[in-house]
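Two complexes, one shared chain (subunit A), two partners (subunit B, subunit C).
Here is the complex of A and B:
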């Protein structure tokens, strides 16, 4: 029972992080019909910005973990929000008329630029960095199932962020503008919506979410690395596509589905085939993704598509 | 009226010979340059010459001349490559670089058939390259098959593994299709890294090539001069690259290439004209993977050692950037692009560390400002008739 609970909890934990990344992909796809593949690396930049902020605050002699955490989150949000808006303004909007795969390739390359920039220019950036443990690390015992309180806090924070973004999209004026642009950019402009501003804000919003996911990832593993972005980006992309691009619920579903596959891979594979290394979980998860794509080519919650000839 | 007086050359043969001479001589100088200032000077020269040639429509003239006399152009290109190999017959490093450029070009020819002709995006080029290399390692170590056969079998292995992806690739489009190959590229790399049979992260050793009883790994002496064993591999790579190039060009010119182009540009129109969309996509995908696999096989034999780190997702991106940089769909543009992407960082040691950064930035700039690449693909001309005046 407790083992099962542990797996379940790990799955939820990963699922929240993946879902946060996937929601970004789906938001960008919604407003501009583009895939911004540098998303994972924006996440990594956010995590590094947070790390730098925590070191800076520590340098100022502030010992309080709460203040440090605030600084980390603020720094990560500001840096990536700005970065996301800049990417949209100078790379994605100019490429709007280009074939979609050109945009995909350009943003993939931008991801490489960000990754390499951190590796080369962050002090000693090519080695893994310890991420400060800023959350209380007591252990909760729930009937044989031991949970670390910091993991629990991260999980709740992640769920809160996703719910918050969902409310922002569905209940506020900004959200209405985003949905309008997503449905039809031209008509949204006619209705007096500032198209460029909405696009930039959406990119800032999605990138900020990715940064939070990056900080959560750092807090969870207590370590960050310049190349976490690549895998997390691919996983987020896979999750968004599995769920169906442009659909918020699809992205969340896809995130948890991918986490479930990974956990299943690491839990069930050794049970079925003895002495198989648990590293096969990614092989298993991506193989299932490919099979799922063959079965549902436009995702589980398919976007409605029709072609005008 | 179409009037292109300045770019239609009067004596295409002479122009081609001159261009080959200049490029070969320049490459010889460039590969010889040792000091950083020398390399920088030569680069500045190439940049200025390239801009001037573009302004004076010299590049276009050479291109037209090449189209007029394709046989001569190819013979001259091969002669230039042979001259370079002969000039550097003692230098292991330069010959290895020439091999790498030729083999990457071969793999990118495969990607061109997939992405440039039929519009099937393949983000796992390095993975298929790697399948070829690993298949060679396993086959050469465990069987006594002749190595030339192993070469073909390795390509077939890449094509076979790739055909597992046919269903998802055919059913998906656009971004969804991109996910399939990206997922496969990452799956492949993770798989060989955790798989103990294939050497795990340490990789595998690949025996050198033996052709008709002749060991390519032994150097030889020709006319009293010691020749590096890489020279034989360079000749092999040149033969492979030239063969695949001729094949791809013939394909492009044929009705198959035409059908693939229609499938890429407009699937609905293609279906209306009775073209079997799935058939051409499958043909392109399998063929491209086969080329990548064969190139990877030779690459494995040359380096003698392969590890999962040689076939990562960034390497696939490197291949794709060669394809885009050369001009999507233009087979002749691949070679200069491969030279820029692969040789430049080797010569500029001080940017060695920054090379991924620089190439990524370069590709972004090209996508933004020159989306058709350095040598954009031209509409094919079937009959070389003088424009009617």
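Here is the complex of A and C:
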């Protein structure tokens, strides 16, 4: 039982990070019908910005973990928010009239540029970097199930962020504008909505979420490297597709589902078939995604054009 | 004014002399260096490149050398497909006489055939899979570092000697990780050790919580990891998160400063690794190498395999000095290497052109640094390994 609980908890931790990445993909697709493949690498840039901030704060002689954490989160949010808006302004918007494949390729290449830039220009960037443990690390032992307080905090923070974004989109004026643009950009313009500003804000919002996911990833594993964005990006994208691209709930569902598949693949596969090592978990998870996509091509929660974002 | 003219003329004349002199001087001989310069294990690749470069620089600074050497550096990204492309490029370039090649075993396995086909003599500087030299009979392929057989034999004997009884093994599913798993499992069984569970993982996996949750239930004394630094860092960190008290035992694959930096000195404390060859600081040439390396101000540390790359480059240049820049002659001379003095000790190639390394050195992280076991506070009894 305790093992099962531990697996469940591991899955939830992965799921919340995947869901945050997937929500970004869904936001971008919902608003502009674009697939931004550099999303995973923006996440990585956020994590590195956070790491740099924590080192900077430590250099100033501030030992307090709370101050460091604040600096990490702020730096990650600001850098990636700005980066996201810049990408939208100078790459996505100019390519709006081009075939969607061009945007996809351009952002794919941008991802490589970001990844290699961090590797080359961040000091010693090709090596894995330790990410500071800034959260209290007490261990709660619930009958063999060991939950660490930092993991719990990360989980709660992730859920809070997702709920926050959901409220922002459904309950605020900005959210209404985003939904309006998502539904029909032209009509939204006619209604007096500043189209460009909404697009930039949406990209800043999605990228900021990715940065938070990156920071959470760093706090959870206490290690980041220039390569983390690649797989997280692909998984986030798969999760968004699985749930139904353009649908917020779909992305969240997809994220948790994918994490569940991964945990199932690495825990159950070797137990059922002894010759299959847990290395096959991604093969298993992605194969199931393919089957699910064949079954429901528009995603588990099918997108209705009136309900985008 | 006149003085100015004279000065200018002199400067021009000198410049002319300087630019003319290489043409009069030595022939240029090209040597290739191939290793992982980007990607997860690039720290070791860059250290190896710098070390080979150091060997070339020192040789070029030596007035007694007959040729001017030039190092052609190429990146195999630790990926077999890229490795084969790069190997083909190097082998088909007739101006390259020999190569110092590969840290990653999976890559070396893919490329040895290419070198053989094109007749390019190479000296492997870091890959430890036995089959690279023993799995074929290619006269072109030499290796200065030892194999994982010696390494795991010593590792198993040492760990059993420490009184550990049970193991869990995580290894990456490349030839490299599988080889480590195979040889360590064999040797540890001979010493009465019991392997409770073996977990094959992909070489770029991020999350190990599922495997580690299972391992926590198995309660092994030791977690053996057969793989490279990036994975080692993640596994060691996540072990800590899940509260697994087992001793962490790695291989030469995690023996890098990047491991300690990645894990953090506190968590890395007590991690074990094994590497072939005598410890650098105990060799007569070790001091010299470290000094020269520091003097040339390279951006990256030499890492554990730098000295092997340095020695490999020197063996090649020694051969070129003797027989000239001819691939076949260099190959034959390298084949016959026996008791050659290098900074890693005496090098002798056996009938499969594998250096007969008599020694494997045990390392432990002690106070944030890889320390030779015998010199560590652990051996002295001031500190204790996990579970002891």
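Criterion: the second predicted complex is superposed on the first by the 302 of 309 C-alpha atoms of A that agree within 3 Å, B and C clash if a C-alpha of one lies under 4 Å from a C-alpha of the other, contacts with A are read in each partner's own complex, and residues count from 1 in each chain.
Here is the rule we go by: a residue touches a chain if its C-beta (ideal position, glycine included) is under 8 Å from a C-beta of that chain, and two chains touch if they have at least 3 such contacts.
For clarity, every value in this text was computed on a predicted model and none was experimentally measured.
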*Fit or clash between subunit C and subunit B when superposed on subunit A*: clash
*Considering only the touch criterion stated at the top, classify A:273 as touching first (subunit B), second (subunit C), both, or neither.*
neither
*asked:* On the A-aligned overlay, A:231 touches which partner chain: subunit B = first, subunit C = second, or both, or neither?
replied: both
*Return first, second, both or neither, reflecting whether A:113 touches subunit B, subunit C, both chains, or no partner chain.*
first
*Quick one: classify A:10 as touching subunit B (first), subunit C (second), both or neither.*
second
*Considering only touches as defined above, state whether A:190 meets subunit B (first), subunit C (second), both or neither.*
neither
*asked:* For A:282, using the defined touch cut-off, is the partner it touches subunit B, subunit C, both, or neither? Pick first, second, both or neither.
replied: both
*Regarding the shared-chain residue A:290, is it in contact with subunit B (first), subunit C (second), both, or neither?*
first
*asked:* Going by the contact rule set out at the top, does A:60 touch subunit B (first), subunit C (second), both, or neither?
replied: neither
*Of the listed segments of subunit C (40-48, 76-84, 130-138 or 256-264), which one clashes with subunit B in the superposed model?*
76-84
*If you lay the two complexes on top of each other, which residues of subunit A touch subunit B in one and subunit C in the other?*
116, 231, 277, 279, 282
*Where on subunit A is subunit C touching in the complex?*
3, 6-7, 10, 13-14, 116, 119, 124, 126-130, 139, 146, 148, 151, 220-223, 225, 227-228, 231-232, 262-263, 266-267, 270, 277-279, 281-282
*Which of the residues in subunit B come into contact with subunit A in the complex?*
115, 121, 165, 167-168, 171-176, 178-180, 182-184, 186-187, 190-191, 193-194, 268, 313-314, 317, 320-321, 324, 353-354, 356-357, 359-361, 363-364, 367-368, 371
_For the complex, give me every residue of subunit C touching subunit A._
38-40, 42-43, 46, 172-173, 198-202, 204-207, 209-211, 213-214, 216-217, 229-230, 233-234, 237-238, 241-243, 258, 261-264, 300
_Complex contact set, residues of subunit A against subunit B_ = 29, 35, 91, 94-95, 98, 100-102, 104-106, 108-110, 112-113, 116-117, 120, 230-231, 234, 237-238, 241, 245, 277, 279-280, 282-283, 286-287, 289-291, 293-294, 297-299, 307, 309
